[in-house]
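Encoded as structure tokens, the structure appears first; notes follow it.
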Amino acid sequence: MSSDHELTLAEVARLVGGELVDGDPEASIQGVNTLADAGPCEASFLANPKYRSELATTRAGVILVSQREAEVCTRPVIKVQDPYLAFGLLQRHFHPLPKGRGHVHNTAVLHETAKLGSHVDVGAHVVIGPEVEIGDHSIIGPGVVIGHGVRIGRDCIIHANVVIEDGSQLGDRVILQAGAVIGSDGFGYAWTGREHLKIPQTGRVVLQDDVEVGANTCIDRGALGDTVVEAGVKLDNQIQIGHNVRIGARSIMASQVGISGSTTIGAGCQVGGQVGFAGHIHVAPGVRVAAKSGVASDLGPGTYAGIPAMPHRLWLRVCAIIQRLPELVKQLR
Amino acid sequence: MSSDHELTLAEVARLVGGELVDGDPEASIQGVNTLADAGPCEASFLANPKYRSELATTRAGVILVSQREAEVCTRPVIKVQDPYLAFGLLQRHFHPLPKGRGHVHNTAVLHETAKLGSHVDVGAHVVIGPEVEIGDHSIIGPGVVIGHGVRIGRDCIIHANVVIEDGSQLGDRVILQAGAVIGSDGFGYAWTGREHLKIPQTGRVVLQDDVEVGANTCIDRGALGDTVVEAGVKLDNQIQIGHNVRIGARSIMASQVGISGSTTIGAGCQVGGQVGFAGHIHVAPGVRVAAKSGVASDLGPGTYAGIPAMPHRLWLRVCAIIQRLPELVKQLR
Amino acid sequence: MSSDHELTLAEVARLVGGELVDGDPEASIQGVNTLADAGPCEASFLANPKYRSELATTRAGVILVSQREAEVCTRPVIKVQDPYLAFGLLQRHFHPLPKGRGHVHNTAVLHETAKLGSHVDVGAHVVIGPEVEIGDHSIIGPGVVIGHGVRIGRDCIIHANVVIEDGSQLGDRVILQAGAVIGSDGFGYAWTGREHLKIPQTGRVVLQDDVEVGANTCIDRGALGDTVVEAGVKLDNQIQIGHNVRIGARSIMASQVGISGSTTIGAGCQVGGQVGFAGHIHVAPGVRVAAKSGVASDLGPGTYAGIPAMPHRLWLRVCAIIQRLPELVKQLR
């Protein structure tokens, strides 16, 4: 939108690695919008075939499309391999992630032993504990509370009212959405015969580089060792990660997933919303689990669904039968 | 409880649109309580037949009941069409919603370009960003963080430690319970072949008039267009609303519901707790979905339940059979 | 770790009520760690048989084990009845729960009528309302907001950014993890024919002694009477407790459980993650409910699982059959 980010169609094509078809290479693009709302100075894209009908009526200045959709467009198009990725690259151009500029609000309470890198932003009413380290250009939003000995890397974005408990370790470019809680106590009690004895949770939370954590998501500290979220993992809102869980690199989980203690999820997994994982189990790398599934035991490579989780294809057949059970039982009789 | 709200039985009957039977019209009522706990100066009500037995023993000064329950009462009664609504109207009389009186705490940090209407309350340690507008008599609780360009209507109540991210638009009489997050980034990434590229989320959240949002509920901003919660929608605690979702007017959802991106829910829907909706689907107006259901595709008018969601009647029959499956299989053998 | 907590093996055995076998009673133990990570000055333990193979390779100074595991160890062992409890007792020795020391941060906003006991810690940017009482040695973390008339007992630990709404009553030794919300409005509306009328929620939340509440968990205030969590109950993260729920003493619930309004859970129940309870139902004392179950009606004594919840043994048989349904149907044809 701001004109200093303006691109020509030729520049857009180069940025997204695509081929411009039927458009003026010098025409100007100033932003991205949906097919329905884009104007002649905006790019749009078709990634989900559900919206194909809008190709006919869009006023977009250019449309990012895959090879096979390109013919039906009456507007200029840029043919790309992955329209959604092309859209993402363009959005990143027009809306680069914010960076800290060194503004520390005078209401922030910083412990004298806390070390801020250069150009760190610290919002109003932030509380930063002893021996905290924060890397260059990171942004700490208003109302954030950072405990003793926390380490935050560079280019991190911590949204408002996040809590990062003592000892948590965050890599570079970590993003925490508002209200997330990092390093809450794991849920560990021993029964004495009369009461549940709280077991002090002395491990930490480690979030490696490029992790993003959704709003109001909670990640418990380890009971003894650490809870580890490996590089590039993306967690949606309201997810619960138990103590000593390990999530492999680049795994991605939709909202309201719950992972019980000491479970390990392999790298590159994809987990739908509201899935639950039992404790002390292993999920192989690359596993996909459909929304609402309940995973009670180890999973080898594959795609799973259901309660209890089973191979996805089997689940689809089971679902079809379940709905016909009343009819089947009648026929049997 | 405070005597300036005191009513006579006759006034109570008028307020709730009911008919007083067997009671002194001049007797005084000073509050509302449960059948079990109400004293002679309090009104009570019977809305759930589970509590009918308490009619015999209650000491309430008057009981709000439906026509058919009126006979069994030994205490004065007011016959009404909907005892629960009558109870609600009476509670609103004795406990009107609070209104701002113009108290701005001296620890609140208000940007110089923020505009407060008349009689706005702003609690301690609040942070209000640039170009924010807040309407008359609204109450901003302690620790609330309000981002750039947020608009809040009149008579709103924002509880403690809520976060309202940049650009969110709230109508009049909106209530946000504590810890709610409005305008967190939607969960949007494109896979580059090496990593999940975060796609900047540049849409907004729009909460229309009379929306209420529960504690720790999260509503993500749109990816491009807006996430919209229409007038009179009530959302319970710990609900997750994905980017570009639209919820139709006066729909009501119990806690821990999750709605994936770009799904639209019609007006006047009722959704039970822990229900999940897939993305990019349409739910017709007036649909009812039972608790814990999983909705994976479009729903026409009706009542649904189950995973995957099916007509509620079918689900009830399926449930009955599922529990008899071991026995049925045995019989078959 | 700090040497003033150092113990000899003999002292460890006495503390956990176990019998030292094959170890120097005067050897020093300075902490506890996992079998994999423990060094010669640390104790470890075996509570979960999944980790038995690590007994052979651990370098731990002593291992807390049950009678039947004791033989296979090559390191000194202390035989105990319950290794997990022994581990817990030892962790409590090395890491006692923190106690307030009387530090009140100068940015905290305390109403003039609030009464703090001796040695209460109050963190930065805390807000404490009128007529609040806080008992001796309690710790109020940074950013916590405490409403009008709240009572907090002694030795409580309230983590950062918790919100405790007006009138909530907390016993002694209550622990609230970060972001928890106590006393949000219950979800109560009456339909007027045109809109959902919000019913003022005038009850309170009562958390009795030794209750622990997880991060971002929400407990709604009662509509009229109170929502009560009895002594020694432990609630994990992101749990939702509706208005007028009552949870019996020493019950324990894993994360993301939801309990609808007016339901009562007996004492000593154990509830797995993501379980949902309908409203107005009764669950007997000592009931166990497996993760992800949906409880729609009263439960007598027993162990339950499934949607809808059924006896756990039946559920296991049902699960086995469900996965074989496609095959069974084929055979039938």
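Letters A, B and C mark the chains in the order given here, with residues in each chain numbered from 1 onward.
Convention: a contact is a pair of C-beta atoms (placed from the backbone, for glycine too) under 8 Å apart; a residue touches a chain by one contact, two chains touch by 3 or more.
Since this is a predicted model, take the numbers as computed values, not measurements.
Is it true that over half of the residue numbers where chain A touches chain B are used by both copies, so same, or is it different?
Different; most numbers are used by only one of chain A and chain B.
Working from the CA atoms, figure out how many degrees chain A turns to land on chain C, in steps of 5.
Angle of rotation between the two copies: 120 degrees.
How many Å are there between the centre of chain A and the centre of chain B, using C-alpha atoms for each centre?
Chain A and chain B have C-alpha centres separated by 27 Å.
If I count partner chains per residue in chain B, which residues reach a count of at least 2?
In chain B, residues 107, 125, 143, 161, 179, 216, 238, 256, 274, 307, 322, 332 touch at least two other chains, as defined above.
Hey, which residues of chain B end up touching chain A in the complex?
These residues of chain B touch chain A: 107, 109, 125, 127, 143, 145, 147, 161, 163, 165, 179, 181, 184-185, 187-192, 195-200, 202, 216, 218, 220, 224-225, 238, 240, 242, 256, 258, 260, 274, 276, 278, 280, 294, 296, 307-308, 310, 314, 317-318, 321-322, 328, 332.
Contact residues on chain C for chain A in the complex?
Going by the criterion above, the answer is residues 32-34, 36-37, 48, 50, 82, 84-85, 87-89, 91-92, 94-97, 105, 107, 123-125, 141-143, 159-161, 175, 177-179, 210, 212, 214-216, 232, 234, 236-238, 250, 252, 254-256, 273-274, 291-292, 307, 319, 322-323, 325-326, 329, 332.
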